[in-house]
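As written, the chains take the letters A, B, C and D, and residue 1 is the first residue of each chain.
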């Protein structure tokens, strides 16, 4: 089920899980990772020149790494060549300041192998892979069991981005030895911290909030952590009112951080002007517009 | 959508929510509530004489109330007369030591009204109602919004047992003023405590564990709370391996607490001897058998 | 799984199936059955005096039987006493002109046994039972297999109302020997007829259309049958635009047949005046209003 | 929502629909189309040399066209170059005897555009596209409405392969003028024929059966058509017992037709020897093994 191919591996037939792989045996990513958007120009082509500014912003808001070409980056809407070039641009623009995890999941194992080899060649920190989206598994084991099985078969299997909202499943996975679990659901980061799970993959505009929440929690100040979680909660309540996918979040990055990463590519559609203005008003009314801007 | 009928009310068209109602304006239940099983004899008839022993056990394991005739009690499998008599027996056997919340939800509004009137007459602490299970709502508002709407229309609406696993939804509801939110998912109690939600409706065998968890948390000892949550987590992992409904939990009560509440009634089926022995072995191997026995 | 109790039987743990039972070994219902609404007065009480007129209408539109106290009759919203009295009223009003099948499904096996005994006592043609709606089965066998198992265990098991839209499943069941399969999905009656399944349980306003469709089909006139199926299809397209449950269909009966069976009971809600007028306009625009009126 | 790009078009945000496009205004495909498998060697590479034999077989079993690189062909598991080369091989091997419809759906609009241009260049009869599988639509219109909207926006939109089991939806679509509807669910072909829908996309081993069914139906012999449908029904009952996807059907092609198209590619897995032998035994016991062999 989980074959290794010439040193690379490919996760098959399991949905809604994202595994992280590295050749280093004791590999752990640093704890605050951004899932950046792919900056685009109005004609839908990729805006590579924006990535340097983007990386600077992320470093300044406490991010320690980027998880590129995933869902928020519309990775599945990019060609193989575009994905490779994005990986190169991020490594170049990070210039050692951010760990770069390259998502190589596709529907086609040969394509994923090609992306994995490329990531290794250009010096990515790690690769990650979602399972194929077209063919669904006929049976599905639970996430903890999946990880335990995978770790036996795949020498480079190192971690998991847990994106289901299920706390018991997150808790379960966090008990697997030598497995790094990253939270993929920032709206319940506090509920994860209390279970001992600190690593997180979150949105571009949540760097400072996430950092402050973790810092307060580690200082033992539950009340303060709770207050910060409420801010994140309010942000996400507005987010999900407008759908919640990359099309929404790209617009949110603009409203909350002042960063313009452009439109999305089909099959996603850019927010209409009306949707954008309504959302902006919601954030403004909640006192949240501009909250993630650099001072 | 949420009509009040001659002083009683009935929640309509909303699934997986359980609301709590009382005539007292500032009503709050005490924080540790048990959802007891209905003790049955081998012939499937109700074993009323066991309830006194049961109530004693619950009091001794820190429970402050019982939530009767709900899912764990197979309330929907009992006749109206049986439900009324159970309510009477619990109030009698509790003898003031436990708050008694009577679940009056049915598929038929006239039946629920009858149960509600009876609960009031016999002095129940509060009533609660699940929405009808046969006709499903055509649209569903989110839980927080539902509560806000309901509180305006139903003067006696006081609280909510939140049984979805969704932390953001629980968090959302906990922000509604004058609404008491009770956690219905004990396997994530720690993740709820950290959000400020303490009240819980839990299984008969989890009294001491729940109490110890809350006590450690309130003393600021996160590590200890986390360790206790792990015990609850391990108990529930075995539970869900065997299905998780009343048929499983009645057997668990026997294995963990030494209390025999008998079989279940159709459409549920008692565990087979083999299932029971396998589950018992799982608990024994995990060092958990007898963990909830009185010392 | 499917116990018999003192001569009666109860189907457990299986959803979306409705089985038909009779004590006669070679029992078959006649082929055109109506699932009538429960006539109600504006105060939500049952309007028994309308049933005679209703039965007359059904007989005149080629119905051979009624399937009472089911979904369209809001059976789950009626008390046990109301259900019993409805059964009596239908048998009385039918006066031998219609076979009367009494739905006895509830969430509580004792209640279903009581309804079954009553149905037998008053001379119902057969009983039928949906599975409980509150506790869902943990595993589900496929429908054909279910019937084969049930027929071995339940001597009085005679037939099935197949309400899923799955043609292969209907086809499958139709191959079980000595099992009468009734179509519950009138919008695909032609697709069922061609597979050899003639018996149908349908809405009050579709008597003549169903009869004409079957008659044309049996005369070998596929073109004509197809034309009539299109009328039924257009009626159902408007129906589902407005939800499709008893609340919609009661209003449709008024618009299509001129018969006023009153409002629905909570948790269903009567169509608003605006919804009613919109639906009426849709039927009028489609040339369908009044199509089921007696000439 | 449905943009045209430089003469090509791409269907966005709609799942489980497959649309067929051609530059010819009055385009209709002939009525019996095969969805062939991609022949593979034991090392997982494509076996191009088998396609000529395959095409001969299809022509001899009454197929008039092939629908290539779709689900049964594991199109999503092939690289762009492999998909292009398969299209070339099929056009070459068909040598005018079969219409060749090339599936160009991917998750990436640029990739689909590239495949569409290539298909046109090499003289494919038409192209077809599934919607992206990774990003799901936030809202979904019904299939008939989708087609009506698409036909207005996409000049080359010609038809639909209807793969849902919903007869009312198929019926609905069949009423759209100038839209060719093809049945994608062979286990209910008779139920579609009776509604006037003749065109079908079916499995490699069902050519003669499908042809015989349609011929009998057109001759007005319902009994005979029903008997042939039963054979198809029995074949599919065994198919779905073993999952039903390309991994099952490739093995079935071997058992039923004697044609060996080799293994599947990851993420699908070849049947184990035990699964294969069990399935073969099931077909042999049912008298169906070899039923699709050329005489």
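In this section, a contact is a pair of C-beta atoms (placed from the backbone, for glycine too) under 8 Å apart; a residue touches a chain by one contact, two chains touch by 3 or more.
As the structure is a prediction and not an experimental result, all values here were calculated from the model.
Look at the CA centroids: the one farthest from the centroid of subunit C belongs to A.
Taking each chain's centre as the average of its CA atoms, subunit A and subunit C sit 51 Å apart. With centres taken as mean Cα positions, subunit D sits 37 Å from subunit C. Multi-chain contact residues of subunit C, defined as those touching 2 or more other chains: none present.
Viewed as a network of touching protein chains, the structure reduces to one closed ring of chains, two contacts apiece. Chains that are in contact with each other form these pairs: A-B, A-D, B-C, C-D.
Looking at the complex, you find that subunit A touches subunit B at residues 165-168, 171-172, 175, 187-188, 190-196, 220, 222, 225-226, 229-230, 233, 236-237.
For subunit C in complex with subunit B, the touching residues are 1, 3, 10, 12-13, 76-79, 82, 107-111, 131-135, 137-138, 243, 245, 265-269.
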